[in-house]
Amino acid sequence: MQEFLQYIFSGITNGAVYAVIALGFSMLYGSTGLINFAQGEFVMIGALSLISLWKGVNLPLPLAFAGAVAITAIAGAMLERFAIRSVKKPHPIVLVIITVGASILLRGVGMLVWGKDSHGSPSFSDHAPYDILGATLLPQSLWILVLTLGVVLGLHIFHKRFLTGRAMLACAISTKAAGIVGIPTEKMVLLAFSMSAAMGGIGGVLIAPLSMSSFDMGMNLGLKGFCAAMIGGLGSSWGAVVGGLLLGVLEALGVGFLSSGLKDAAAFVLLLLILYFRPSGLLGTASVQRF
Amino acid sequence: MRYLILMAGVLAAGFGLSSPYQIQLLTFIGINSLLALGLNMLMGYAGQISLGHAAFFGLGAYVTGVLTAHFHWSPWLALPVAILLTAAAAFLIALPLLELSGFYLGMGTLGFGMIGYVVFRQWSSLTGGDSGLVGIPSLELGPLSFADAKNYLFLVWAVALLCIFLCDRLIHSRIGRALRAIHDSERAASSMGIDTGRLKVHIFVLSAVMAAIAGFLYAHLVSFISPGSFDFLVSIRIVTMVVIGGMASVWGALLGASVMTILPETLTVFTEYEMIVYGLIMITIMIVIPQGLFRGILDIYERARFRTGSIPAGPQA
Amino acid sequence: MKAAGIASIGVLAAAAVMLVMIAPGQSWGKEPYRIGGIYAITGSSSFLGDPEKKSMEMAVEEINSRGGIDGHPLEAVILDSEGDPTKAVLAANKLISKDKVIAIVGPSLTPTTLAIVPVVEKAGIPLISCAAGIKITEPVKPLVFKTAQNDVLAVSAIYRHIQGRNIKKIGIITVENAYGESGRDQLKALAPKFGINIVQAETYGAKDTDMTAQLAKLRAAQPEAIVCWGTNPGPAVITKNVVQMNMKIPLYQSHGVASPKYIELAGPASEGVLLPTGKILVAEQLPESDPQKNVLKSYIAEFEKRFSMPVGGFGGYAYDGTYLLAAALKGTEGDKKKIAENMEKIKGHAGVTGTFAFSPQDHNGLGADAFVMVEIRGGKWHLLK
Amino acid sequence: MNAQGSGQEAFLPVLRLEEISRSFGGIQALNDVSFEVAPGAIHALIGPNGAGKTTLLNVITGSCPPDTGAAFLGDCRLNGRKPHERVSLGIARTFQNIELFGSMTVLENVLVGRHVKTRCGFFGAMAGLPGCSLEERKARQRAHELLDFVGLSEAADWRSTDLPFGWQRFLEIARALATGPKVLLLDEPASGLNPVETSTLCDLLRKIRENGVTLLLVEHDMNLVMEISDRVFVLNHGMKLADGTPCEIQANEAVISAYLGRERMGGKCSACAI
């Protein structure tokens, strides 16, 4: 029981991080129909920026948090402005390769800026870990969970309540029609890119105190986040959350009841099963035709 | 004709080159060409992406590696086994996914690729696990020993040329037309009586088999394999070769494979900046000539081939 | 006077420039010995390759400043494998055919080493690997040597310490790569010899972010100590997790974390962690009688001065490799076969990693004294016993 | 069904729909529609927008399976057969928004149409078997004949999407004919054509009928429908409203009130006497 609870805690902690990263994938796909393979690199930038701003520059945590997210958002906006928008005939595969190129580029930049070593970061708060029925719950896990839910709720409200959010949804449904009714579609794409990059940045900020961060941390997290987004249903915010948590918990249970070496396989077997039996994802409704 | 030129080129290079480094590089280009060619058939003609081709590459390499190193089979016996196993795996992956349109195959292959990677690492009693599988013998055919780097170069390129030739033939046949039709309009292709799902499964299997052959050649060339050579990044690299070279063109695959093999070798002079330069080059190529290097170069030729002058270049690949 | 001084400086500078331009052929009476280096300078194993490259460059300069080998200067050509076997094979071929090296030091990793072994054997070039894997030197290949300690030595050191504390049940957690796999195999193989029972064996991915699930499973098996086998940053995360989960049992790490980075990453959680390491981390605590003391002192001083970064345990593999190669080169006039033969004759060579004594049966040349056990106390390495 | 068929008429209907229903969500697109298509004739399917014409076409081609009811081609029950299987059985179609294979030449487009009439497979093509090259030669010959037939032989080597719009229509028809259909379904073949092209189309459709291919066209151009159709079906709100010769339809009160309203029907009854 004690172990089981520990697996769940561990799974939820990792899962919440996957969820935030998945959210970035999902919201970009939802508004532009694009899969950004550089998403993991935004996680890396977020994590390392936080460490630099918080520990290096000694900014207070909230400021460092905001700064790190802002840096990733700017990186995302630059990716859209200088690379994605420059493509004249945007065939999806060409755009995907551009994001792959961007991920290599960003990793290179990360290596130059932060070096090849790993960096650690303290937790957001100094509380001692909680002991629940013998299982340990880290305060950082609570932070991650709360902030993840906050991000999803924020996104939900943005899409439902704000004019810009609704305009973005309109672009997702039909760029042409949105353009005709006067929505600046180019700006919307730019905004979608920087928002999804910011999600990646938040994921990085959340994970930095939990683990060690280095310039090459992005790919693995990006893949997991992408997997989570697929499981939950691309384009669905709540799907991303469900997918992320499910993936995290499944991995932890895989460690507990199978073998730790097979836990990555477990994630991808789940992905295949979802594809076979429910291709639109657990919560996905949109017919997935692009790419 | 083009084959003759290429063949002459390879022969000249083979006999002209004395540096084992250049010979080895050319051999790797041949192996990568096989990989890119197979994936090009899938991406360029069936309009599907595979993000797990490294797993098929690895399957080919590991099957022959395990059979020859552990069980002392003849490589020539192991080759058909590798091909059959890879074909079966590809068939099982593709069957449920290719019925659906969209990018499901890409996602499925991504999952398959990761699972393959985990299996290569975890089944250590057979695969040698993370530290790799040693003792894969070199190839021999009667009195001809392919332990000699030059002979191996010729072998790899003979296989690559044969595959290019066969694929070229296939593309210009009934099946190839059907594939291009699927790529242009799946609805219309289906209304022409083309079994789109089945054909896509077939081309996927073909593409996986070519990757397996490349894996076979790689394993016996390096005589050592480890999971790191078949991870997700390798899958991405193969996709990149196809796109950079140009989709829907066997020659584009060749060009893409060459560029992507030589580029990292030449970029080492940038040391710390290597990744940045590499990423920039990829992005720039895609922005400037999204149809790929080969198409980009042949644009003018294409314009001349169709009578009217104002044709947008290349198929919308 | 002043003018003369400036003039003489000018002349000196010009001479120096000319020397550099026509060097090295002119300044030395003899042709340089060109040797190759292949390291994972970039990529995920750059923590190994980077200091190795630096140490090799350093060693070459030191040797040349002492007059080279039989009057021949050393010249090193160093390539990056990025930890990729295919790239390593290409690099080896490039070194052999283009740069015409007479021997190679490196690569950094077991897979990259195993990948280039056939290449160097075909070319008849001696190879001194910096990787740990036992597959490299067992079975013995005439041309292949290595300077990194076999994992079996590290495992023995840990197990002896565990035995001394009268602990019988341990849990192990190893990283999923060649290093962790080799460690896992040795940990399992040697346990019965020391009367130790491995109650639970777990693994973790090198890029995993949280290992509490694995540790919970370990805890359930109720071991009396945990042995973790990996390279940074994973073990640092595990160290933190162990403390967070309030597991009050000794934690042993492998020599893979033996760098100041580990203490920095794990922070206060590293207090009391035990690990085997080469003597480099505790050089100043060694008794004066230790044969390695002088080598270590000069290596550490030179490395920290030159690169202004703290020294770790990995660069020494390439440093020793270069010096061993230099020793073996004496009197060979570049004959590759003789280099290998000379290597096998080297005895009592005090290096950074240990005291090497090669033989035709032993191409690693290190004994149990290559490792000492240290404990982390107050953020510092503390030599035990 | 044989008994029914032989008892009713002297010939077997080439295409027969029995009580087809199909709904999308809450909308009943087709409701219990039955009709028969006689061989060797031109049939038209008309009805106001949203009457279910295209859905019916999709039911026949198999891209939209019916909820209930059955479709037959001759003796052969079509239900459960995939679209591409139906093509080899003899059902070909064209699209309302022309769907050519844009990367191919005009000739190649028609050659794709020969797909079901040729056999050469993966290995045959790769190995270059003599049977395959022979088959390819024959296919090319047939494709040239068909281009001749629709009057596009001049443009055989053009890229298909470079053809003027009207010609693309004819190419699509040639491509559909290449599959050797028994029944050819045309989805609004005259839309977007100018009057000259429409009359050429009219001639072409008659020529196709003379070659023994049954035609079923969905069309809005009443002049065309009334001029060339042998029989007209009228759909309204997913139900069959009327079925008869153009003259009968023009006279049908229900049709006039429901579909044509006060508008006078195009074409002259005398012009379409058979």
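Order of writing sets the labels: A, B, C and D. Residues in every chain begin at 1.
Heads up, the rule we're going with is that contacts are C-beta pairs under 8 Å (C-beta built on N, C-alpha and C of every residue); 3 or more make two chains touch, one makes a residue touch a chain.
For clarity, every value in this text was computed on a predicted model and none was experimentally measured.
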Chain D and chain B - chains in contact with each: none
Most widely separated chain from chain D, with each centre as the mean of CA atoms: C
Where chain A and chain D are represented by their mean Cα positions, the distance between them in whole Å: 50
Intercentroid distance (Cα basis), chain C paired with chain B, Å: 37
Centre-of-Cα separation between chain B and chain A, whole angstrom: 31
Chain C: positions in contact with at least two other chains: 42, 176
For chain B, residues that touch 2 or more chains besides their own: 121, 272, 274-275, 316
For chain A, residues that touch 2 or more chains besides their own: 111, 259, 261, 264
All chain pairs that touch each other: A-B, A-C, B-C, B-D
Chain C residues touching chain A - in the complex, by the definition given at the top: 42-44, 46-47, 50, 176, 202-205, 207-210, 212-214, 216-217, 219-220, 232-234, 236-237, 244-246, 261, 264-267
Parts of chain B lying in touch with chain C, wherever the complex brings them together: 18-22, 24-25, 28, 121, 124, 129-132, 134, 147, 222-226, 228-229, 264-265, 268, 271-272, 274-275
Parts of chain A lying in touch with chain C, wherever the complex brings them together: 2-3, 6-7, 9-11, 13-14, 17, 111, 116-120, 122, 129, 131, 135-136, 138, 207, 210-212, 214, 216-217, 220-221, 251-252, 255-256, 259-261, 263-264
Contact set on chain C toward chain B in their complex: 41-42, 79-80, 83-87, 89-90, 93-94, 96-98, 110-111, 114-115, 117-118, 122-123, 133, 135, 176-178, 180-182
Parts of chain B lying in touch with chain A, wherever the complex brings them together: 43, 49, 96-97, 100-104, 106-108, 110-112, 114-115, 118-119, 121-122, 232-233, 236, 239-240, 243-244, 247, 272-283, 286-287, 290, 316-317
